[in-house]
Amino acid sequence: MRVSLFITCFNDTIFPRTGQAVVRLLERLGHEVEFPEEQTCCGQMHYNTGYQREAIPLVRHFVEVFRDAEVVVSPSASCVGMVRHLYPIALELADDPALAEEVARLIPRVFELSEFLINKLGIEDVGAYYPHRVTYHPTCHSLRMLRVGDAPLRLLKAVRGIDLVELPRAEECCGFGGTFAIKNADTSMAMLGDKVHCILDTRAEVCVSADNSCLMHIGGALHRQRAGVGVIHLAEILASTEAETA
Amino acid sequence: MNTSKDEILNRIQAALCDVPPAETPDDVPIAREYRHDDSSQHDGLIDRFAERVSEYRAVVRRVSSSELPGAIASSCAARGVRSLAVPTDLPDGWVPEGVEPMPDVDGGLTNAQLDVIDGVLTACALAIAQTGTIVLDGGPGQGRRALTLLPDYHLCVVRTDQVVDLVPEGVERLFEAAQARRPMTWISGPSATSDIELSRVEGVHGPRTLEVLIVDL
Amino acid sequence: MGMQLPIVPFPEAAKLALANTQLRRNIGKATQTIRAKRAKVVDELPDWEALREAGRTIKERMLRHIDKYLVEFEASVQLAGGVVHWARDADEANRIVAEIAHRHGTREVVKVKSMATEEIGLNAALAAEGIEATETDLAELIIQLAGDRSSHILVPAIHKNRAEIRALFARRMGLDHLTDEPKALAGAARAFLRRKFLSVPVAVSGANFGVAETGTVCVVESEGNGRMCLTLPKVLITIMGIEKLLPKWQDLEVFMQLLPRSATGERMNPYTTFWTGVTAGDGPREFHLILLDNGRTRVLADPMGRQTLACIRCSACLNICPVYERTGGHAYGSVYPGPIGAILTPLLLGVENAESLPYASSLCGACYDVCPVKINIPEVLIHLRGEVVRHKQDHPGPRDLPSGESLVMKQMARVFESRKLYEWAQRLGRLGQTPLVRRGFIERLPGPLAGWTTMRDAYPVAPQTFREWWRNRP
């Protein structure tokens, strides 16, 4: 399959290793990966903060970049959620039926990485090796917007060498919420404090998740506390192999 | 002319300008895919009702129809009940020897009397097993609402043929009473509050003790 | 008088609430307890999702044709001997209640817990008319005696512990020897209120449901204070938001399953009363029903916000909300707190009067999942954020300059529209952050982003972006 990678702006800028891992993983599984370099941002931050008129050109830009893709795969549940669930609503503001139609045609071809592997490709075991104690934080948007269910966990369980431990109160929000973390910093940090507590309780070496936006928030706190616990994107675990470790 | 009514209706019409004028309520589909009855469950119906009522910390006993008067007598004796408010159309023979029945003739019992009486004995309209609920609708053997509200002890007799399984079955059977504009009370255990530190306390304003006798026919 | 406007913006009010560790503990414990109870009884029903969908569609049908159902309901109630009043706003509703009380020569009314009467500030309005309204729900009584504000739709005194309640009752009821056992406290309330139930001639209630087909009104409760108020006084006044309608009697089979399980986590609440107009020889001799608009038609006019009127005030969204769990209800500054309050308050009052509330959520979506009528709260929150921004953009005050946020957002949107500008911004960011980065992290961000680094280190722009790596790939 020819996969168009939608890297997302913050992965591109801040977490390039995640994108590199997706490329390595998909190529290892025999797929061709292309990266349309015109891509920028899906517009989620603008849209969810209320700058919705400003988000419309970004929707248009996204469609222009990916309209001819066979499938679009992204290592961010949140950004895929924006495209799948909020683009159609956003376009009610745009009065552009042609664009709305293009969005409707594009949406079924846009996937978050774990749902692409499990639901579209039907693979659980991607041949990964990761000999560490890991706990999984399901992000709100993967869980309740995309409903990926246990797809990430099934992928993780098939990883060789992994010691996967359950995170208490896993389904509760970490308090990131995009600009919520800035606008309601105190509440956000109270939520984050509890999440970090739960992660430390597992005595995991790393906390894994399907979205770097939440991990940037959680990882930032773990680093500040010098907790000795890292964060890692799901793609990076799935891309690891014995050959590399050796 | 009721101007407030007109204005509110005008506001509504303006607000609903996106609803096509030709649309009728029936054009908006209602999804009723939930269970209306559950025949697979009928076996343990009465047991389930009894179990769920008792989970509300109400006292529940199952008796045969011949045992009923004796059961009422022992319930009253156990609580030292000497007088019972009763609706005038309570079946004969329910009130045991040694207990003074106080029939509510034409709603003649005053609130002050009901406030101090030892208890009240009634039948019911129906009962719902799924939720452990007893329904009173002012029908035979039930009396008016104050009767089962002010006394501190409510002894209620439920016949097994009055027990339905699911809430929808109960609501359907109660349609007639609603059309007849009879007031209804659904009772699921004794009154309770969890307002203080979410710690459950049975018995705030209604009868603090609810006792249910299920009569096998 | 009317619905109070939130005065303090949510982030500031939340900051105060978060600092109160006792409050946080009380609310945290309470919400987690109810949450678990709800989950248990909801899991018991194999058809829960079907019930939610039924609840949603019944309310949708009602709302799209609410005028027809209101007229039908009015006629049904009148036919059953009830008197129907229409109130455009809080003042009108309060005036109607006061007039009825005056006509019956009473200086006192007893009240069943009702969000509608709280919303319209009935107690204060009656007090101004020389009429004392006594709350009879235990938690509302606690709030009233303490002169406090409710912090939860269903358990308004959730923020108070037993010792505080004991002290309050001992003082206000003159009971020196009261213990702080919940049973003893409930007993004190029983004795205190019994006298009122037996003597006060006028009761005021809200309504959980009103059935258009039959004219039946329904109040769902636990303690029996509702039954007392609905049965014993000579006159009953019920204030019902127009959106509480159900088209048919049969619809109750859905809502009597959805509401108790979602609200208190019980299969069924202890007491529910259904009455239709006036019944000779049973209950009040006079029944007044006040149909309340007070902003509801404004909500109705917003096609996206309209679904909010399906709310049955169960408070499941409060109990599951990670924000509410930590801030409690007072931070929302509205009688409607939590996720539902964050959308209902601005919808009723206008976004310009509650600007911070649509942002009082991390959009985690837990509220939508538990909502028994499937109100898509995150979707409405996002919609209202758009309304907040659009309102500011379209109605600038005479001296208003665009905010810093607005300038930044507009600038960023322009950058994201063009690959060239975007890549330029990546390089600029990397250059600009140089003095801030220490060992791969930023410990202190400047300006409006400073909030980020009070507790978290920030990740810097990577030395090599993904696209730079991609281009240089062999």
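A, B and C are the chain letters, set down in written order, and residue numbers restart from 1 in every chain.
The rule we apply is simple: contacts are C-beta pairs under 8 Å (C-beta built on N, C-alpha and C of every residue); 3 or more make two chains touch, one makes a residue touch a chain.
All values reported here derive from a predicted model rather than from experimental measurement.
Common neighbours of chain A and chain C (chains touching each): not present. Chain centroids computed from C-alpha atoms place C closest to the centre of all protein C-alpha atoms shown.
Per-pair counts of C-beta contacts peak for the chains B-C. Annotation: 32 Å between the Cα-based centres of chain A and chain C.
Centre-to-centre, using mean CA coordinates, chain A is 52 Å away from chain B.
Centres computed as Cα averages put chain B at a distance of 29 Å from chain C.
Residue ranges on chain A touching chain C, taken from their complex, read 7, 9, 11-16, 19-20, 23, 35, 37-41, 43, 45-55, 57-58, 61, 86, 89, 93, 140-141, 143-145, 171-173, 175-193, 216-217, 219-221, 223-224.
Those residues of chain C that touch chain A in the shared complex are 10-11, 14-15, 18, 24, 304, 322-323, 326-327, 358-366, 368-369, 379, 382-383, 385-390, 393, 405-406, 409-410, 412-413, 415-419, 422, 426, 429, 441, 443, 448-449, 451-462, 464-471. Listing the residues of chain C that touch chain B in their complex gives 26, 29-30, 33-34, 46-47, 50-51, 53-54, 57-58, 60-61, 64-71, 74, 80, 85-88, 92, 136-139, 142, 155, 157-158, 161-162, 165, 182-183, 185-186, 189-190, 193-194, 197-198, 211, 214-216, 222-225, 227-228, 231-232, 242, 247, 249-250, 252-254, 256-257, 260, 264, 266-277, 279, 281-283, 291, 293, 297-298, 300-301, 303.
Per the touch definition, chain B reaches chain C in the complex via residues 2, 4-5, 7-9, 11-16, 18-19, 23-25, 28-36, 52, 56, 106-107, 111-112, 115, 128, 130-133, 138, 144-146, 149, 167-168, 170-172, 174-175, 178-179, 181-199, 201, 203-207.
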